[in-house]
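Per-chain residue numbering starts at 1, and chain names A, B and C are given in the order in which the chains are listed.
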Amino acid sequence: MKKLSLMLIAVMIFALALTACAPAAPATQASAAVEPTKAPAAVEPTKAPAAVEPTKAPVVEAPKGDILIGNLQDESGGMKALSSALTFAATLQIEKINAAGGINGRMLKLITYDTRSDVNEAINAYTRMVQQDKVSIVLGPPIANIGIAIAPVSQELKVPVVGLFMDDKCTMQESGAPWTYMFLAQNSATTQGTIIANYAVKELGVKKVAVLYNSQNAYSVGLANPFIKVIEDSGGQIVAKETYTSTDKDFRAQLTKIKAAQPDALYFPSYPVEIPLIYTQAFELGLNVPMFGSNSVPPTGLAPSTDPAATTNTFYPYGINPSDPVLVDLAAAYKAKFDTNAIAQSFSGADAFGIIVKAIEACGNDVSSACLTTELNKGTEYVGFQGTVKLSATTHQPDALPMAIMTIKEGKAEFVTWYSPTGPAVK
Amino acid sequence: MQLTVLLQQVINGLSLGAVYALIAVGYALVFNVLKFSNFAHGGVLGISAYAGYIVANQLHWPLIPVILVGILTGAVVAVLVELIAFRWIRLQKGQLVYFFVTSVTMLMALEQVLIIRFGASFESYPYTLLKVKVIHLGELTISITYLLSLVLTIIAFSVLLYILKKTKIGIAIRAASNDLVATSLMGINVDQIIVATFIVSGFLGGLSGVLYGISASLSPQIGQIVVKGFIASVLGGLGSLKGVAMAAVALGVFEVFLVATIGSGLAPVVIFLLMVTFLLVRPQGFAGVSFMDKA
Amino acid sequence: MSFILTVALSIAAYSIAVLGTFMLTGMNGLFSLGQAAFMGLGAYVSAIMVVNYHLPFAVAILIAIVVAMGLAVLVGFATLRIRQDFFALATFGFGQAVTGLMTEMVNVTGGAMGFSNIPRLTTPTIAFISLAVAIVFVWGFRRSHFGKDSLAIRSNELAAKVEGIDVFKHKLTVFVLSAAFAAYAGALMAFHTRYVEPAMYGWIASVTWIIIVFFGGRDSLTGTVLGSIILLAAPEALRFTTAWRTLVYCVLILVIINLRPRGLFGTWELSLKPVINLFRPKKHQEVQ
């Protein structure tokens, strides 16, 4: 009995000691365990290696050490398909840059934390990479919920985040002013929803539309609303508006109602997990109308396990045209290296990272968060895979980029045309 | 609602209910015999679903062998669960609550095993597993996956009832449900009965895992669907597997109509209110036996 | 705030919720799978009061606790007369309903996107003092007639009734008290992590607290507190195992329950008696 007690007390002390010595880590997702590491009440801005304040003339010292770039992605959770594409894109670029000697003689180093699609995990990770690893800029995820949560934290930590989080709330505050440190490197949800809606109305003459979306998810809601607005503004009618929740796997109740409303088309801005289910169940219920999706269709919609008969007659907006010969070569190299297909996020992620690199280059010897934020706010044009990305100073989102309208035929994606929020576009 | 739409929703509900019923009966079997909630049944379901997925996806086996793999995996995992989580406590005559704690821990542990092996994202069974997708009855469509669930549930159920009524081991299980101590006093090897119960429960869990995995995508959290079994067991009543199955089907239909009317966001609220009312008004469930805790 | 302090603060806040579960489940044998929902309620109500209505921190917390207690009374009335396993199911349903509502009411709570930009108002001092007060409260609770009644009810409800204990009223009181504890803990955490979302308050969280109570020993207050510290710190300590971490945690629990079902600390309590004895004048001891 005594031995047991002693042993247990030893275990306890050991546990606490480990906590003290160990560098920070993400919290468990399943248990109601500790959510550690929040920004301290008084935050010191990340200082540049040599300079004391950005305004004072920097002490002339050769910059030391690697340039640390944080990477906040879902590497093993539900959004892994879309999110790890950014990690891959960044890795490719870093290898290329480092092989050529780095930037100003300094190598780039990517510090990746796995958010597992968990918001608390992401907040902790972001805080940790700033306070512990001392990154000066972060490549953010394509996950709107996380973007929304990180935004206020970024005001505290003052380290800029360039990501693919599409919701307006990720880059703009309630007051209308942009979040100082948040930047979106692809079309916002509003733009994307508007583009596909306009395509549906102007090119396919769609009048009566049904919408099926996740009312609990920022991505889904952020895409549904502008779509609905365009349809209604153009004189069309939303004949059915059905919602589901993040854990739902069965959409037959909603799809049956939608079918009964006899729509011309169905719009379903969804996450990868629901897409094959919606396709299959809609197909089984005999809902044979054109389906309009979002830019997250490819990973699961085109997966071999999804029935091609169900996915035919789909249209979705995409950041790039995958059949572009240049991209085809890059995609092959990507697949060879990472054993997974390149998707739009691989390229828009490359653009996001490219914007980061450009800001770093512009900052010369003073690669501090302060300088980087100033650079990003200048909104310099960046020529990337998606076109010419120019971040607006008022919204921290790009001025509308044309998107590729894709369709699926026999399980394969096909390019249809370029489209902009107002009409057909030329690239 | 028009008639066809109404009928279609009923079919949707029955389909969902068939899946729930299979899960619920596997769960209720242990509930009846050992008198505690075996949440680990969800873990059995999950592991079997993934086992079926591996053979379907990587070995390209057709439907029937995949289902068999699921069933066998279920039985194996269920027995393992009994050994790891429940046997010791039972032998030490631990209180019922400890079973509850270990069963939930096993559910979490098995879920974690899946996360470690497959990552926390999701997978799908290949669509080629089922050649025909739907049956059309006029305007109505019935999905084959769900029809399969229904048919297999009925078959499994009939087999179960046969085992319970006609075979020696089945009768022993029923005796054990009634009174574990008396049964052991009769000279029946209780350990064997309990293992048998878990094997049967595991068969059912494995089957429901594969079927549910085919109709919904696979994720490590797939096992959490077992709570529907929990709900159905209580609503259906202790001591009556038929009641549980019926309650599960009713739950499926009810859920579909709730989603169709108030939306899936508010459905849990209504279900909660319904549950509470039910528990207050008819705590023994549809068909269960009413009994108070012994003095 | 240093890393250690941040972790310690979180542990302190969660421990308050665990103490609520200790009273409800450990002492009274009531398995509520909806405790985390009360925590969520406390978090959201206090956050909304401060962020949207600009109420002072203390007032917001008070309102949150009152709301949680009020709801607990309603839910308790509806569910406490039911059998034990059914009670677990009913509270599970309650938890689902509450998180479902939190997720649906997007305009009020931000829905599944969470409620963010909550100011940092919880300080380590507040958290640690709160924990100390909570421990003292529970200790006093145990020593009072409540404690004895709890044990009686847990052991044999029918006999307790025969003895004249108003079982229902007692259970309701405990249920409301533990809801208050959970709500308070929720408020503390909300103003510490600065972000809350409904997914944080599911039934798995409630179950985790029950497991912690059993791990430390449901008859030992010290055990529960120490167990809470160990198990809540463990994910950090076992950090290097990442994906294996939760599995190790589960295995740990299974080992404890199997080998030492009374919990790590059994019925052992930290006792000040030996210390007090040192200071007592010798003659009092001799008289014994």
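Please note the rule applied: contacts are C-beta pairs under 8 Å (C-beta built on N, C-alpha and C of every residue); 3 or more make two chains touch, one makes a residue touch a chain.
All figures in this text were calculated on a predicted structure; none of them were measured in a lab.
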item	value
Leader among chain pairs (count of C-beta contacts)	A-C
Per Cα centroids, the chain farthest from chain C	A
Mean-CA-position distance for chain B and chain A (Å)	37
Whole-Å gap separating chain B and chain C, where each centre is the average of the chain's CA atoms	31
Set of chain A residues in contact with two or more other chains	29-30, 76, 215-216, 245
Touching two or more other chains - residue numbers and ranges from chain C	100, 103-104, 204, 243, 246
Interface hub residues of chain B, defined as touching at least two other chains	108, 112, 115, 265
Complex contact set, residues of chain C against chain A	1-4, 6-7, 10-11, 14, 17, 36, 100, 103-104, 106, 111-114, 116-117, 120, 189, 192-195, 197, 200, 204-205, 208-209, 226, 229-240, 242-243, 245-246, 249, 260, 264-265, 268
Touch list for chain B against partner chain A, complex	1-2, 4-5, 8-9, 12, 15-16, 57, 108, 111-112, 115, 119-127, 133-134, 136, 141, 143, 215-217, 219, 256-257, 259-260, 263-265
Chain A to chain B touching residues, read off their complex	29-30, 76-81, 116-117, 215-216, 242-245, 248-250, 252-254, 256-257, 260, 272-273, 276-277, 280-281, 283-286, 300, 303-307, 309-310
Contact footprint of chain C on chain B as seen in their complex	36-37, 84-85, 88-89, 92, 94, 97-98, 100-102, 104-106, 108-109, 112-113, 115-116, 227, 230-231, 234, 265-269, 271-273, 275-276, 279-280, 283, 293, 295
Touch list for chain C against partner chain B, complex	29, 31, 78-79, 81-86, 88-90, 92-94, 96-97, 99-101, 103-104, 156-159, 203-204, 207, 210-211, 214, 243-244, 246-247, 250-251, 253-254, 257-258, 261
